[in-house]
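Some structures to go through are shown next.
Look for chain A in each of the two complexes below; its partner is chain B in the first and chain C in the second.
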Partner chain A sequence: MSHYFSEIFTGGKSLLVGLGVTFKALTSPVVTVQYPREKIDISPNMRGHIDLIKDSESKNGLHRCISCGLCARNCPCSCIVVKGEKQEGVKGKVLKIFTLEFSKCSLCGLCVESCPTSAIDFSDEYELAAFSREAFNFDLLKRVQQGDTK
Partner chain B sequence: MDFIVDIIAKYSLVRILISFSLLIAIIMLNAIVMGYLERKICARIQRRWGPMEVGVQGWMQMFLDGVKLLAKQLIVPREANPFLFRMAPLLCFTPVAMAFAVIPFSESFYAMDLNIGLIYLLAMGSLNVFAILIAGWSSNNKYSLFGALRSVAQNVAYEIPILLSLLAVVLVTTSFNFKEIVAYQSGLLSFWMCQPVAFIIFLVAGCAETNRVPFDLPEAESELTAGYFTEYGGFSFGLFAIAEYGNLFIMSSVATTVFLGGWNGPFGLDFYSGPILGVFWFLLKVFILMLIMIWVRWTYPRVRFDQLMNLSWKYLIPFSLVNLLITAFIVKII
Partner chain C sequence: MGTLTTRFSTIQDPDEKHKFLLNMGPQHPCTHGVLRIVLEMDGEYAMGIDPILGYGHRMHEKMAECRQWSGFYPNTGRIDYGGAIPYNHGYCALIERMAGIEVPERAEYIRVITVELNRIASHFLGVGAYVIDLGAFTPILYMFDDREDILDALEDITGSRLTYCHHRVGGVSKDIDDLFIKRTRAIIKNIRSRFDMYDRLVTGNIIFQKRTKDVGIIPVEMARRYGATGPVLRGSGLGFDIRKNEPYSVYPEFDFDIPTGENGDAFDRYMVRMLELEQSLRIIEQALDKLPDGPVMAKVKRVKLQPGDCSFSVEAARGMLTYYLVGDGSNVPYKLKIRVPSYSNLSLLEELCKGSLIADLVSAMGSLDLIIPEIDR
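After this line comes the complex of A and B, so read on.
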């Protein structure tokens, strides 16, 4: 019999505690954002697709890539293509093609780590939905020329 | 103006038509307001925004949802009993509209003044279970049938504590008339102070009677998809939802009239009350109770079926019986 009444007491108490928990949540600020119009800040550790870093103090005035191809060779998914050419009067190679097939990329970051001149870094792009696979073949050289990188 | 008043006074049919169209408007409006508040408060308890897109703070969302439901095709499943399937939402909605007729919004603002108002209202309230049973059976769907059966068992179990807890008050007032019950509480006294056990029992059992969480076993989303209205779409689904909020309003207004002093202002202050302010106080009390119901809904998980039955038969009914006995004893002495 005492169990019967103690159960009412403890049960009722825990019900009131539960109501208190939800009341606290009710009065505390909202944590979600209205996404397409509001966006939260991106963490600096965010791994988007890779991008050439824009560097106006480098030799060619645009990026630090020396077309060595280490990133392409280190890539386990073979999704990076780098091609450079010798040009008259210019020391070293000139970058002609730097493409990324992002649909294959596993975002492992080996390219970023292996780059001897730290020319590439992760971007913070995350709104990447598209209708075709070809939309994910990024021309990174064009992006840095057009100033689309960060 | 006198002409209109004359007609209304002379022909009771006109009065019935006017009051019923007003009552149906109130039921619809109540469903819209409560639907909005439910979604908004649920969202804030889960620390979301809730509806924000349509209008300021999404206040038009429920109107547009209503339009969407109206525009949808009514589909009757091939294996269902078409007549009963179509009847069930109407049977669910009609008792709600009829029960609204005796709700005393204020001293002079009510559709009907019955001297058995309380009994009539409870009778109409329990008709709801027939509609649920018919809906569940005629859908010819196992989830619907399970929901309906659960609803019947639940309503049988919870009707008793509701009646017993209200009877404790009726023993004191010796009247089933809402006006007299409210008139009894016109001073400082309200029945929630001298009958706190009956008040709590009524609230818990009322929550179960309206099939709301934590007692929403008839519609248990995670087990029965939507319970008895699984097969319903469009406005027949809408009628079930409206009837659910209507039942919630009825339960809250019974609790308000019987336990919280109805249209009387708080603390027995006479200058606060009046025909217009009476409606205000009545609606304020009803909405506070309904907000508590929403708060409870988004706090507790659903009870198991044996817990549901245990709560009624082992706790609520014995307590309400003892409460009734004590009340009868005290009334006899005084």
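After this line comes the complex of A and C, so read on.
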């Protein structure tokens, strides 16, 4: 019988001790961020989708891509298409197509690591919700031409 | 399934009206994903337990056979989403063992630090979700608060928050900086200061104790029979840990203990996880102190997988993870087999919970800390 009551006592005490922790938190400052209105800083190393880096000092005055296609070959998900063509009077290939099918991308970063000229990097965009799958087919060349990249 | 349907036809007998089939899952909150368990109930007692797998099958092993070995990197982060970095580590170490690649020491230290941080995050997830299964909602919020700090720190070096792809054959993809070291030390201090709070909030709670003590007792002999590993085996009292028993990477250089339980009940498995947090913190602390300078990536020439086979085991957050690879001289694996801990841990559920109350089944299953996509692969 005494065991029964002592258990009720210790059990009740343990519940009060646990509640004490939550009551203490009640008076501590709010940590919730009201997301669409407030935003927290994201890490500069976050991996968003890839982007061609804008480089006005490069040979073509826009980006450093030499259309070698190493990124496309190393991509495990085959989501990058790179095509370049020869043009008269220009040394090397000229980049014509650079597209990314982001819905397939698994953000492993093998393309960025394999690039011999460091022409691509991760963007810091993360608000990418859309209604159609086609919205995730990014034309990276167009983006760098329009100046949408960082 | 076949046996259950035949059993079901016998249940139609009017004398056995209190017997019925109950589907637990695939969307049951306690199954943490898409695990379906068909329960043959007798009143409130589960007399037959039949886990049905495969809802999250993504053919990871087949995918490995269809692309060159480097194409499997992103998959390693997606098999066990709770603790992905040990999976990165195991795969890279396997290819390194096969091709005879030496990893720079700094890279090995970074690997150990990230793996242990991820183990802590995974245990917080596992324990927090377990306590939710038992009806206490508050502790997971505190645990996710601590886990959030770890995820922020890991995001800073790996670039992702959950499906990491950080380790590479020959090293790691990104070096750690002073900011990360400072941050990690702050995390260690913060988590240590909160152990006492977790004891008051969860461990000492009478409801938690009543629902876990003497529930789901796994004797050592039974755990060994099913090949259970990780906190499930250690909770039964056998201190088997790949980090100690088959040392890899730079683990032999650190001083840490393997916590074990005594009774093998759900409470012991919970305690083993909580004690492992402290051991992981100790390893990270020592690794940060000893962290050598130097490169983080070895010069890796084109790797061809030699004809023959090779395997590598690491201690993942849930137990022993083994990669087994058969090469045929090309750079595409001929066969990759992944031995995941949760599969063996789940397989003992039937023997463990036969004839128990459904509430005890939930408690015992939660204490196994299953990750279903890992089982289905």
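Heads up, the rule we're going with is that the second predicted complex is superposed on the first by the 141 of 150 C-alpha atoms of A that agree within 3 Å, B and C clash if a C-alpha of one lies under 4 Å from a C-alpha of the other, contacts with A are read in each partner's own complex, and residues count from 1 in each chain.
Definition applied: a residue touches a chain if its C-beta (ideal position, glycine included) is under 8 Å from a C-beta of that chain, and two chains touch if they have at least 3 such contacts.
These numbers come from a predicted model, not from an experiment.
On the superposed chain A, the positions of chain B and chain C stay apart, so the two partners fit side by side.
In the superposition on chain A, A:L107 makes contact with chain C only, not with chain B.
In the superposed model, C is the one of chain B and chain C that contacts more residues of chain A. When the two complexes are overlaid on their common chain A, residue A:L26 makes contact with chain B while staying clear of chain C.
Look at A:F122: by the touch rule set out above, it reaches chain C but stays clear of chain B. In the superposition on chain A, A:P76 makes contact with chain C only, while chain B stays out of contact range. By the touch criterion defined above, A:M46 reaches chain C but does not reach chain B.
In the superposition on chain A, A:Q34 makes contact with chain B only, while chain C stays out of contact range. Of the two partner chains, neither chain B nor chain C is touched by A:L16.
Measuring only between alpha carbons, the smallest separation of chain B from chain C in this overlay is 5 Å. On chain A, the surface touched by chain B in one complex and the surface touched by chain C in the other have residues 15, 18, 21-22, 25, 31 in common. Listing the residues of chain A that touch chain B in their complex gives 8, 15, 18-19, 21-23, 25-26, 28-32, 34.
Interface of chain B with chain A (complex): residues 41, 44-49, 52, 295-296, 298-300, 315.
Those residues of chain A that touch chain C in the complex are listed here as 7, 10-12, 14-15, 17-18, 20-22, 25, 31, 43, 45-47, 74, 76-77, 106-110, 113, 122. Chain contact summary for the complex, chain C toward chain A: residues 67, 70-75, 77-78, 138, 142, 145, 152, 155-157, 159-160, 163, 165, 168, 173-174, 197, 200-202, 204-207.
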